[in-house]
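Quick heads-up: structures coming right below.
Below, chain A partners chain B and then partners chain C, in two separate complexes.
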Partner chain A sequence: MALFGQTFVTGILIGGIYAVIAVGMTLIMGVMKIINLAHGALMMVGMYVCLALFKSFGLHPYLGMIPAMIILFGIGWLLQKYSIERVFGVETILPESQVLLTLALGLGITEIIRLIFTSNYQCAYTPFSARCFYLGGMSISQPYLVGFIIAMAFVAALHILLTRTDLGRSVIATAQDRDAATYMGVDAKRITNFTFALGTALAAAGGAMLLPIFYTYPDVWHPYLAKCFIITILGGMGSTVGALSGGLLLGVAETFGATYWSPGYRDVVGLIIFVLVLLFLPGGLKKVIGR
Partner chain B sequence: MKKVKLGLVLGLAVVLVAAFALPGCVPEAAPPVAPPVAPPVVPPPPAGPIKIGINLSLTGPKASFGVIDRNSLEIARAKFGVTEIGGRPIAFIVEDNRGDPSIAKSAEEKLATLDKVDLIIGGYSSACGVTQAAAANDLKVPHILVNASKDDITMANYEWVFSGARVPASHYADAMWSFVDEVLIPGGVKKVALFYEMTDWGTSSAKGLRPGFEKRGIELVYDSPYDSTATDFKPMLTAVKAAKPDMIVAVSYLMDAGLLARQAAELRVNVLCYMGQAGGYTMPEFLKLAGENVNYTMSTANWSRIPAWKGEIAGVKWTNQEYYDAYLETYNAEPDYHGSQGFAAWQIALDALLRVDAAGKPINRENIKAALEETKLMTTMGLIEHKEWTDDMGHHYYNQGLPLTYIVQWLNMKQEIIWPLEGKTADYVFPVPKYEER
Partner chain C sequence: MAEIKTMAKKSWFLPAILGIVAIAFPPFLGGYFQHLLILMMMWITMATAWNLLGGYTGCVSFGHCVFFGLGAYGGGLLYLHWGISPWWGMIAGPLLAIIAGIPIGLVTFRLRGPYFALSMLALGETFRIVFTNWVSVLGGACGIVSSRTFGVEKLPYYYIALVIAALSVYVVYRLMHSKYGYYFVSIREDQDAAEGLGIPTTRYKMYALIPSALFTGLAGAVYMNYMAYIDPEVVFSLAGISIMMILAVMVGGAGTLGGPILGAVIFVLLNEGIRAAVGPISYLIFMVIACLLIMFLPDGIIGDWAKIKRAFRGKKPVYVGGE
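The block that comes next holds the complex of A and B.
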């Protein structure tokens, strides 16, 4: 029973952090109808911003998260406005030119970071990184728990923003029908810029939460991009509640797979879920939850 | 029309046959008698440098290992001070393979074909070593391995590849077995959990470990590979804890070793003994990553500064301790066996180059290879001989030596040699205290 409980708790805690990274991607996918393959790389940039602040000023990654989100919000806005927006609606050889552009941006960003920080693994461990408490024979890691709480707060705030504010309603309107939203007076271009920037800032927040627990290097984003993609498909495009449910489900499934099957096949579990959802639940959990 | 075409084809055939056949039919003309001319005085070609290629992971996830290798090679180069042999300067051409096997192969090919090096030294990580060794053998350039330890590399009968001072992965635990027999089994170790990173080195090590436990009647209650780039090992450690082993045996690189030590402490995976299989567990950075959780961790190690090994190369005397002191002084960090293998690699290379020159032969790939085949040299890793031999597990090696191995234990956040007893720097602590009692 302790094994089951420990596995479940670990899965839920890590799943929360997955959710906050993925919610940015699902938001972008919902509004722009494209897969942002630069999302993981932008998360990695957020990690490096926090790392630089930690190493230069001793700023804890949880505090460094705020400037990292602001910086990444700006980067996201600029990327959307001056690169992705430019190929929107333009006739190109491939209809998926925007997706290819995001891939190129992701790879380019990775190489720039490699040039600046080298490929070496780097970490921002503090005494807090190793703290934990024990509950009923289970170990609860404090940085995991804090990361989970912050992640839940971000997802809740985003949900309120989208459902209770004019700005959020404009985002949802643009996601539902860009042309209709434009006719209703919504500045769709500006909303798209905002959505991309917000999604990027959330990715940076997720990266900042990972930093005290793990480590970073320029290619760290590859598995997280795959996880975001799985969560987005699992949760349903543009759904915050779907992203949260998908993140938690993936975290728990991976952890159970690693504990009861083999740690070497941990990522296989996520891919199996991905295939099963595509086959049997193409609309994702959003269809089940109805939000 | 058909007749015209046929005629053209036949005509062409006749012309072609004539063109190829007739020159052979011409009787050989008597060679013209040339007036005697004094042979021109051709100056000998300018002696180019002796090029030594260095192919290591200097950036990337395995950079710590590659950098300690390169630093140690530089210390060895400075120590022996040989800057030229036979009037040819020695030039190092360094390639960073970023720990990527495909880049390591490309770097090997570049060094061999574009730079036309005479010898290559390199190979940290077995995955890189595998591709480097195959490329070196194909391109016929002698290669001295530094660390890459997968058994198969020197079991492949590559005539151009030499083990240098590396230990084959399945022999990392040579010292551990006597420790198991004399200390661990009498101390109550009956069940072992084995986990290993799932690359060439990890799987090769695990393959060598299993029969040793089986032979001693020790039950493997957990046996699993893991992805060394994973960021969360808690599910695996939770399963290990549930299996209730007396001992953990882990084959890990650096970052995973640090995370495993921390997360094992968080989950309180209490065992009588946590034994790493060298790799990340002996690196100075392990302390930075795991902090006080390094304490009581044991690890097999392939080198100790304690044995009073010494020798002389190029008229310069050296001792084992001198290398340790030089590294500490130069880089303000303790070297581990990886570094010592780097130092020894240059000892082996330099010895071969000097023997070629002493024999009055030109220093080229063929002659360096022949010299390396005859290597029998005392190094910081002990006596190194490139031999063909078979071990008791049935592994048949070519150009392979067998340096001694040790066991270290982290005590008061410092690595101490605990086994064999004649080389110890501190007494071992076994069984180790529980995490909650530390």
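The block that comes next holds the complex of A and C.
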């Protein structure tokens, strides 16, 4: 029973951190209607910003998260404004050219990071990383728990931003109907830039929470990108509640796969869920919750 | 229309010259250049195969590494378990790719656009993880080592790769000039309209997938025999195989016959050719070029050739849209 509980708790904790990364992607996907494959790479940049701050100033990743988010907000805004916006709505042979652009951007960013920081595995090791406490036979790792709490705070803040403020409502309006939002006086272009930047900043926050737990290297983002779009499809586009439930579900499913099947197949569980959801539950959990 | 006719008249000229150059010159080149040419032929095959499904039929697949990897593993597994020459992989590999491709197509062709792309990506990753972890049957993460039949001699590999590349281009050319080709393009342009006109879209997507899987698998088998070493992280690589195939096609021009060829040549030249001179930046240079091309010439070099010509003549680009 302790093993079951342990697996469940770890799954929930890691799922919360996944949710923060994915919530950024689901926002971008909701507003722009494209899959942003640069999301993972931008998360990785966030990790490296935190790492650089940690290495040079000894700033703990949880504090480094704030400058990292600000920097990534700027990078996201610039990328969207000067690159992705250009191919928005352009008629091409393949309608997926925007997706491919984000992909090429992501890989390019990875190479830039590789040139600066080399491919070596690096980690921000603090004494805090290994600390854990025991609760009824289960050991709960502190960095997981703190990461989870911060992640939940971010998701809650984002939810309030989206539902209670003017800016957030403009984002939702743009996601629902771009033209109608424009007629209502929403600057859709600006809102798109803002959404992309906000999503990127959230990815950076997620990266910062992962940094004390895992190590980082320029290609670290591949599995996280996969997790992000699994959660996005699972939760439904543009929904914070969907992304949160999707993230928790994926985290739990993965840890159960790792415990009871094989750690090597951990990521396969998510991918199988992904294909099954696409086939049998298009629209994701959002549809089920909304009903 | 007139332009198309004159192009058809001249159409034998360029391939003939290229063919003669490709057959006659390589024996006089050094080993390194022969290596580059082998890679080029392999990538031409892969990009052409991807283009048939992605560029012409409009099913942008982010998981073609499945077929490449299975093509490579076909021979590898025969060698690993029974000690049979990996050359039999030239048959077993593509066959394996097709056998896997049919159920994959049946499942994923129900999805459209980005969802199809992502589900293929998920399948590619699944294959990579399974091939990494299933040590007893598939060799696991250490991969499979075989030995090269021709030792350090590169020419035989080059001619085999050349024949396969030429065959893939020829097959795609013939397909696209038949009823199938028009069906493929109609599916890409508007799937609902195509279905409305009575085209069984799923079946025709399958007809595009099978040759695509076949040639990608053949390229994988060539890779297996040439490199004499495969491991899942390389042959099922998302960033190294699946995505590079797409970007090579996008650089050259999706949905054109010459696009994948040009794109593959540019890709290999930038990625391998200038690596000696500039080091690891070569990969970054390719990515920057890919970004700029998608931003300014979204249909690739061949697809937007008219735009490039106009730009060089100093005229403003005219966007020919709704004729």
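To be clear about the criterion, the second predicted complex is superposed on the first by the 289 of 291 C-alpha atoms of A that agree within 3 Å, B and C clash if a C-alpha of one lies under 4 Å from a C-alpha of the other, contacts with A are read in each partner's own complex, and residues count from 1 in each chain.
The rule is simple: contacts are C-beta pairs under 8 Å (C-beta built on N, C-alpha and C of every residue); 3 or more make two chains touch, one makes a residue touch a chain.
These figures come from a predicted structure and were not determined experimentally.
Chemist: Please indicate which partner A:260 is in contact with in the superposed arrangement: first for chain B, second for chain C, both, or neither.
Modeler: A:260 sits against chain B, while chain C stays out of touch.
Chemist: After lining up the shared chain so the two structures overlap, which partner does A:215 touch, if you call chain B first and chain C second: first, second, both or neither?
Modeler: Touch partner of A:215: chain B, not chain C.
Chemist: Under the stated touch criterion, which partner chain does A:97 make contact with: chain B (first), chain C (second), both, or neither?
Modeler: second
Chemist: Same chain A residues contacting chain B and chain C, which ones?
Modeler: Overlap of chain B and chain C footprints on chain A: residues 262, 264, 267.
Chemist: For chain A, which residues count as touching chain C in their complex?
Modeler: Chain A reaches chain C through residues 34-35, 83, 86-87, 90-97, 99-101, 103-105, 107-108, 111-112, 114-115, 219, 222, 226, 229-230, 233, 262, 264-265, 267-268, 271-272, 274-275, 278-279, 282.
Chemist: Taking the complex as given, what residues does chain A use to touch chain B?
Modeler: Residues 2-3, 6-7, 10-11, 14, 118-121, 123, 125, 129-130, 132, 134, 139, 141, 210, 213-215, 217, 223, 254-260, 262-264, 266-267 of chain A touch chain B in their complex.
Chemist: In the complex formed with chain A, which residues of chain B make contact?
Modeler: Residues of chain B touching chain A: 59-61, 63-64, 98, 195, 198, 224-227, 229-236, 238-239, 241-242, 254-255, 259, 262, 265-268, 289, 291, 293.
Chemist: Help me check something: in the complex, which residues belonging to chain C touch chain A?
Modeler: Touch residues, chain C against chain A: 54-55, 58, 60, 107, 110-111, 113-115, 117-119, 121-123, 125-126, 129-130, 132-133, 188, 238-239, 243, 246-247, 250, 253-255, 280-281, 283-284, 287-288, 290-291, 294-296, 298-299, 303, 321.
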